[in-house]
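Paired with chain B in one complex and with chain C in the other, chain A is shared by the two complexes that follow.
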Partner chain A sequence: MDTQWPRWEVFKQDTPHKPHQAVGSVHAADPEHALLTARNVFARRPQAVSMWVARAEDIYAWTKEEIAQSQLLQAEHDRAYSPPSSPRKYLVFRKTSHKRSMTFVDHVGEVEARTPEEALAQAQTTFTDAEALAWWVVPADKVYQTDPSPDTIESWFAPAKDKTYKQQQFYATVGSHISKHKLGRGVEDDECC
Partner chain B sequence: MTSAVKEALIAKLTALADDEVILAHRNSEWTGHGPILEEDIALANIVQDELGHATLWFGLRQQLDGSDPDRLAFFRDANEYRCCELVELPKGDWAFTMLRQYLFDLYEALWLEAARHSSYPPLADAVQKIIREERFHLQHTQAWVERLGQGTEESNRRLQQALDMQWGYAQQLFVPIPGEELLVAEGIVPDLARVKEGWLEHSTRHLQNAGLKLPINPGYQPTSRTYHTEHLWSILAEMQSTARWDAEAKVW
Partner chain C sequence: MLAKYGVPSDPDFNQRLAEFEARIERGEKIEPGDWMPEEYRRQLIRMISQHAHSEVVGMLPEGAWITRAPTLKRKMILVAKVQDEAGHGQYLYHAAETLGISRETMLEALLSGKAKYSSIFNYPTLTWADIGTIGWLVDGAAIKNQTMLAQCSYGPYSRAMVRICAEETFHHKQGKEMVLLYAKGTPKQRQMAQDAINRWWWPALMMMGPHDKDSPNTEVLVRWGIKTKTNDQVRQEFINEHAPEILEAGLTLPDPDLRYDEATGNWLHGPINWDEFWQVVKGNGPMNKERLEARRRAHAEGAWVREALEAYATRQTAVAV
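On to the complex of A and B.
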């Protein structure tokens, strides 16, 4: 029996006017649990106002190279496959730079489509302001968000503002340079730092 | 503030801080041993928050009597500690730890809610800082109680065993310390009897919805914070050993 909990991708929004960005993943039993663990892992210190989670298996992802290679194949696939008739909403995420290390794709908007492939095609023609290195599309009803109420923002995200990262040097007795300790143990703080 | 009120407030702040310190240290034993990495991190976060709360309570005491928080935490003997016995109990399994944290978080969140309008401004200010984090803790631990209670036969059984053991101990959270009635009369701290009403109502509903049975016989209910379980001695021996090894140490 597989005892692993499913993997969820986590999207964090830093301020109300920034997009949700993929910041990493958590393992969790269900959507609420995923949001709780995501908050602990990704928003204890950095700024945040909202988080989304989606199960990794509900995310359809393509890199630029994969799209280039699969275009012919995809055309075949589309002909053979008859999509469900009613369109649904997909959230679209895009990666535009290799330079960023802490985030992967950014939320760029929504499209209405009958299949993930159709959503990708629409995304490619809709969001053209920058070159896409990778696309993610996720059915909107598979994305779970933190409660947007002020109470939740206050208890989930506001305390982080008072918790700054401390460099090792902050703890002078632990992190000060070795040369400061040449006089040996028991040196007074004002002399050694 | 009369000297009797001041003395009672110092004792109350000590009890509040000691509960946080010991529960935090107890839960820190899970660091590196959590059931999954995410929960390991989450519990370590809760631990750090609770230690932050203890720092605030000790800070308020320091304003009153000039005591050094680090001396209080690391150089007091067990018989000088004023924590409740619930927080001293060994960490047990994950169900035991999550249930205890839930019962404590619910008490703390309700107590803080009632203490928001304390007539003692430094305490009201501290409450504003703490209450935000406590609401998040409570959401996390009540989610765990629900999932373990409704999970498998084994998780329900383990949680029920934890409840049977802890229910009586938890009642001590609502036993006033000597002199607390002076603080209540001055509007400095809330009346624990009122807080207990809300706690019983919320906890009973949540525990029953999670498929648990409240113990018919609540078992041992500690009443005085001057008595402790034998576990307090061993946890303090570990927690205080580094500080006491070389009390004058300036560098590590």
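On to the complex of A and C.
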């Protein structure tokens, strides 16, 4: 029995000048619910200034291997004979490195296209500064974002900054003074750090 | 070699497998949509879903102590830690979903008792000192494993692990700090810390799983870069780090055979009671029944929240139309 809520991919922006990056997914009943859950799951710690969510079924994804298999070009060819729909805006995301990372594709820009396949083809000729290992394109009107007003950003993302006890640096000196520990002395639990 | 994993009907299987293994050899990540042997997919679903269940069930032993934390600071730390475990479960369910299994299927497997999770969470938390000891030893053992898995050849699992490791280090350090504090405290505090170490040491060593010679999955997992170290290697790393620190803190370890081996630089341990391990895995541990019941109860008692959110979403859609 399939009763689970739809899956939403989550994109997090760490600072205003960084791209939104795919961090994982959540299940939610609607966009608002998806954003709230995304905040709880992916922004328990700094940094975040904005989040986007899009339903997994609205995301078109290709890996380098899939593109190489060229089935895509055939599909694009076949589609050329069907009546064209009017162009719409797609957001384009790309992965360029196999390096250790906690994020997948980065937002690189937008293209105007009639189909997702056309959007991919345009992305490949537009964003050429690095080799793409994976592409995602998402219709722009299918992406929902957190409210960009400063008050909302503050109330959504600032609390994570104050909870310094969640950071390992808070305990940086643990273990460095074991030899100095004196036995037999009662201690208050709050004495350390 | 191939026959062992089953050669599917695909006539190009051997060539595809060779290309796949060459990619792993080059250090490339395998991503959703890329070709992979069915056995690779099956092993990953098995490992990642078990890992996700462990994070979710892992909230229970510690969550039981949130209301009894001795200070506000300790309570905030414990709340944050338990909340993290919930988040880690979410990251991992996401990674497993990219392989084609639904979250609902995984949750049903957990609630029905069909799915496995780490046997460590079927032991009870008897005193407050257990909370510090779990952070230091259980999270310490988990981090050794997860640091290794962050190198995993499957992209989504690797990324979940990198994110988890960054957060889990806080769990380890807060636990270590707490135990070290009690180790230099009153006789009663020291006794509590020692008692907790005595009870958690062996289960922590069992967390890495059976010895390599008894671990049939290890060969293929290492071959395909899912794991980059064996169970015994990870266990040795854990002991080498933790044994000297615990002893240096003036505490003892419940292993009369434990000794430092000059030749290898390793701390050698005595025999592990695998009968106990398999009993707990099979469902006969001290807390198996309670853990499962707690999960089922939480799921049932949360039903009205799910229904309310569903109703709200339906109404919003109706209004929009």
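Please note the rule applied: the second predicted complex is superposed on the first by the 149 of 193 C-alpha atoms of A that agree within 3 Å, B and C clash if a C-alpha of one lies under 4 Å from a C-alpha of the other, contacts with A are read in each partner's own complex, and residues count from 1 in each chain.
The working rule: a contact is a pair of C-beta atoms (placed from the backbone, for glycine too) under 8 Å apart; a residue touches a chain by one contact, two chains touch by 3 or more.
For clarity, every value in this text was computed on a predicted model and none was experimentally measured.
Of the two partner chains, chain C is the only one touched by A:Gln167; chain B is not. Touch criterion met: A:Val41 reaches chain B and chain C at once. Once the two complexes are overlaid on the shared chain, A:Ala130 sits clear of chain B and of chain C alike. In the superposition on chain A, A:Glu154 makes contact with chain B only, not with chain C.
Taking chain B and chain C in turn and counting the residues of chain A each one touches, the greater count comes from C. By the touch criterion stated above, A:Phe104 is placed in contact with chain C alone, chain B being left untouched.
Applying the stated contact rule after C-alpha superposition, one finds that A:His33 touches each of chain B and chain C. Taken together, the two structures place residues 5, 26-30, 33, 40-41, 44, 174, 181, 185-187, 189, 192 of chain A in contact with chain B in one case and with chain C in the other.
By the touch criterion given at the top, residues 36-39, 41-42, 45, 49, 129, 132-133, 135-136, 139-140, 143, 147, 248-252 of chain B touch chain A in their complex.
Put simply, chain C touches chain A in their complex at residues 27-29, 31-35, 70-71, 73-74, 76-77, 80, 83-84, 87, 90-91, 94-95, 97, 102-104, 150-151, 155-156, 158-160, 162-163, 166-167, 169-170, 173-174, 176-177, 180-187, 189-190, 245, 248-250, 309-310, 312-313, 316-317.
Residues of chain A touching chain C in their complex: 2-5, 7, 23-30, 33, 40-42, 44-45, 61-63, 65-66, 95, 98, 100-104, 133-134, 163, 165-168, 170-171, 174-175, 178-179, 181-187, 189-193. Residues of chain A touching chain B in their complex: 5, 26-30, 32-33, 36-37, 39-41, 44, 151, 154-156, 158-159, 162, 173-174, 176, 181, 185-189, 192.
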